[in-house]
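Residue numbering begins at 1 within each chain, and the chains themselves are lettered A, B, C and D in the order written.
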Amino acid sequence: MNIAFLGLGGMGSGMARNLIKHGHTVIAWNRSPGPAEAIQAQGAKIAATPAEAARGAEIAITMLADDEAVYSVTFGENGLADGLDKGAAHVSMSTISVALSERLTSAHAERGQGFVAATVFGRPDQAQAGKLFIAVAGTADAVERIRPALDAVGQRSFVIGDTPAQANLLKLTGNFLITCVIESLAEAFCLTTKGGIEMSKVHEFLTETLFAAPVYRTYGEMILAGRFSPTGFKMALGQKDNRLVQLAAEKLEVPLPFAGILRDRFLAALAHGDGELDWSAIAKRAAADAGVTHT
Amino acid sequence: MNIAFLGLGGMGSGMARNLIKHGHTVIAWNRSPGPAEAIQAQGAKIAATPAEAARGAEIAITMLADDEAVYSVTFGENGLADGLDKGAAHVSMSTISVALSERLTSAHAERGQGFVAATVFGRPDQAQAGKLFIAVAGTADAVERIRPALDAVGQRSFVIGDTPAQANLLKLTGNFLITCVIESLAEAFCLTTKGGIEMSKVHEFLTETLFAAPVYRTYGEMILAGRFSPTGFKMALGQKDNRLVQLAAEKLEVPLPFAGILRDRFLAALAHGDGELDWSAIAKRAAADAGVTHT
Amino acid sequence: MNIAFLGLGGMGSGMARNLIKHGHTVIAWNRSPGPAEAIQAQGAKIAATPAEAARGAEIAITMLADDEAVYSVTFGENGLADGLDKGAAHVSMSTISVALSERLTSAHAERGQGFVAATVFGRPDQAQAGKLFIAVAGTADAVERIRPALDAVGQRSFVIGDTPAQANLLKLTGNFLITCVIESLAEAFCLTTKGGIEMSKVHEFLTETLFAAPVYRTYGEMILAGRFSPTGFKMALGQKDNRLVQLAAEKLEVPLPFAGILRDRFLAALAHGDGELDWSAIAKRAAADAGVTHT
Amino acid sequence: MNIAFLGLGGMGSGMARNLIKHGHTVIAWNRSPGPAEAIQAQGAKIAATPAEAARGAEIAITMLADDEAVYSVTFGENGLADGLDKGAAHVSMSTISVALSERLTSAHAERGQGFVAATVFGRPDQAQAGKLFIAVAGTADAVERIRPALDAVGQRSFVIGDTPAQANLLKLTGNFLITCVIESLAEAFCLTTKGGIEMSKVHEFLTETLFAAPVYRTYGEMILAGRFSPTGFKMALGQKDNRLVQLAAEKLEVPLPFAGILRDRFLAALAHGDGELDWSAIAKRAAADAGVTHT
């Protein structure tokens, strides 16, 4: 397929590469030139603007940092909405708000363009390896049409509804569940550490019995080691996603007590200057409260 | 080994049976006669009192409902502490408080008896199958001596420290982590359901991607089905364990914000008459708050 | 003084009347004509647009429902910013976000217009009686110039800083503290009621001893009576202010655990269709959780 | 009346003195001799044991630190229950658990002795001045009989029910409400301080408008000054009362979200070595979370 790819960050670069590998024609755009040159070397064409990238493409994928970026790349001057052909589809793979997804849905519809949200779970190395999990939502035939692209970047795609914003809500929900794991482990480690048990034994026990899932292993190891950089997913982005899940919950009138606890952890972490650490560094706040010095 | 086994409930019966299967000599005691007769039919001897069961045994295992039961079976009239030989060991496998475990440690030491805490993770069918996970704490040689018994009832034992109460603390911590999973899933399902996504799709997505652990699958299915009986682990016991983890945390001066949220869920569940349901029925409270009617 | 008054709701009508009583010349504007006619009968002139009202006024007071209303009345077509003379001042008395207040500060400064935030505490009957409390923030001479207007509507004004947004932050903080009183009373009443004490005796004891403040008396009586309408301050507005205080706290990186609890109470209240009741009806949620039926 | 008075701490000494002033015959007992000698100089007789003090008294008042002290003074060797005449009454004025109050009620009834709970609100200087507020619960005629003693120590007594434990529950509820005030002020000050408003202006505004109650003034000043000693009411006792209110709430199946937040504040304060400070020092934890340095 002819695919416009907008946003070549840590995740996007890997995804674009996999599209090329699977034989798709990729025309890429990135705000800063460095990553664009790298992907050009691998066979992509480079566009000067989002609109130029989108022109003639069957689908235009956005993989950007936040609502502001997606909004301006789509609707700004020389934005993809200006370039995208009628009948072609914008596939939003970024983690954005439910509200923006709803707005994109209607704005593209007005222009006769399709819109699908296909949110991804995984870290940059999984993006590189084409091993992402994808939650997709959109009209059945729009989803069908973009499937070859999804197959190139993910190990498995789940169609979870026909309203694009549902995939965004599920992405935010997934991130919420991950932070619940981090916080619960952080609290657990404080308790067992003050109870005199070696943290590595607690980690081993938990992750080889009931909690034998990568998410417990990954974050348990980070807390155990007290090592919160290099950053897999930045605290500041974690806080942003916490805000977005709370906004979605407010709109839907759903109390989320755990999300409220997490909100305060994120704000305390930012107040202590930890915005650039991995989001699992909220564990430092639990430790500070309990007077625990890890390692 | 000669093993006294005290407490033949849903868990204890399966464990005693596996001890017999592995060639140990079991002399059992149970408050009510029914389960004792059943285990007798499988080759155990039956004692009239805990003291009688303990007399001559190398180890005396307790697998009882709560602190009160363990206390009275151990120190009450004709209790196991009266019958147990010097040099023999009491192995407490029940979920009891850290405080009682500390008291048992010193009381047995005064009598020249050993004491090991070996707490178990798993449901009755895993007890039946000898597939429990065991967290053990006690002096190194006491742990070594009881190992054949542990091998008979568990698929794997983890020695996590040399102070028995540490195994009790870890058990309470494990249950705390499980309830965190239940609550986080309950909140997540409320959000996605009000967002229009089918709950079964959310469940499938989560448990086949990042949260591919039995604990998510088991509890996710119960919430999804809105089916909280038959009971795997009773709400009232869940609330008791929440109280015990909070007591341990208070003693160790460790704030546990998630445990505080869970405490209120348990109390609300009891206030609504759900004490006999599975503890995962705290999900009904999240749904009630959000005005979600499951199924 | 020549005063433009924009927004003649329950609060604004009383305030405008007091300005007239104190001898000020009031030219009023309101979206719907009814309240404008009423104030006209009391001596105000009526303007067709905010711009027209503001033209020639020394100060233009806005007393409107929310950010959206203040934004459009100020910057919309025929907005007050278009009409207001250089050197005249916009006095914002509405409960708005810190962010909008900052935006108004800089936007008016660019136009050579002054801007003062003067937020009010009190209910409509106190507005009527000129008994409001006012928190004022702005440059010293801007505050001095508008003082005659403040004196006409409030029983006392407190200058709390020289940055307008500070008065908005203090207003939101005050509302946060009031909701803390409501929630704490609601929890207290649930506890004592299930403990068998008559709620009226608890209310009497508290409000005649340590908590002899109007805020405890007013809200205690509403909870006691289970009467949440007529509405003093609407639940939906309470929830909006909770959102605004959380947004301000996020920007300033301040964890507010009590605000998090309140957020979930508000969302649960909205989910149960109580958006039109008085905000103290969050007490119904505490009662529902505890299985308490008031009255 | 002939009154036995047991417990001459900061509160008890003042209360005993007022009984003497009002013409009652006081026979006092205290664990350590110093305070007993002081009250003897003012006209009290001194007893060697609680039983000796209680013998011949019409009422025996206990004003002690906690459950353990009340239990051992009442039921220990030479305890007041042994000395108290049939028909005489034990008046418990200490802050104790609901459970102990229930136990005292039935134990005294079995001995043909009366029992009334009469809990007090106020600090030592108010005890000295006879200005305490008293919440009384017990059978109508028992309450009537002890009234002269209550009138001597308090400015006003409120009969809130006929079951003694209700007065204990109300005392715990009152302390819970006070800690809610402390926490809400602590959060409010963090927010306004980071928002650039002088804390003294916030304090003045709040306590001269909506929150013109002594409890806001007293604690607001302590937080403002960052001065948490000398201690009015010790953190460790505050934490104990938080535990007791949570235990009462657990028994009555009442969720108390604010109490859960406070529990974690108390534990964090203890973890940071602040157990000897005034309980309002939980405000230091809110400030630590927000990265605010007071004064």
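The rule is short, and it goes like this: a contact is a pair of C-beta atoms (placed from the backbone, for glycine too) under 8 Å apart; a residue touches a chain by one contact, two chains touch by 3 or more.
Just so we're clear, the structure is a prediction, and the values are computed from it rather than from any experiment.
Student: Per the definition at the top, count C-beta pairs in contact and tell me whether C-D or B-D has more.
Tutor: Result of the comparison of C-D and B-D: C-D.
Student: Where centres are the averaged C-alpha coordinates, which chain has the largest centre distance to chain C?
Tutor: Following the centroid criterion, the farthest chain would be B.
Student: Measuring from the mean C-alpha position of chain B to the mean C-alpha position of chain D, what distance in angstrom results?
Tutor: About 39 Å separates the centre of chain B from that of chain D.
Student: Report the inter-chain centroid distance for chain B and chain C in whole angstrom, where each centroid is the mean of the CA atoms.
Tutor: 53
Student: Counting in whole Å, what is the centre-to-centre distance of chain C and chain D, each centre being its mean C-alpha position?
Tutor: Roughly 38 Å separates the two chain centres.
Student: Which positions in chain C are in touch with at least two other chains?
Tutor: 249, 253-257, 261, 264, 267-268, 271, 289-291
Student: Considering only the defined contacts, which chain B positions touch chain D in the complex?
Tutor: 243, 246, 249-250, 253-257, 260-261, 263-265, 267-268, 270-271
Student: For the complex, which residues does chain B have touching chain C?
Tutor: It comes out as residues 264, 267-268, 271-272, 285, 288-291.
Student: Spell out the residues on chain D that touch chain C in their complex, using ranges where they run on.
Tutor: Touch list, chain D to chain C: 98, 121, 133, 135, 156, 158, 160-161, 163, 165-166, 169-170, 173-174, 176-178, 180-181, 183-185, 187-188, 190-192, 194-198, 201-202, 204-206, 208-216, 245, 248-249, 252-259, 261, 286, 289-292.
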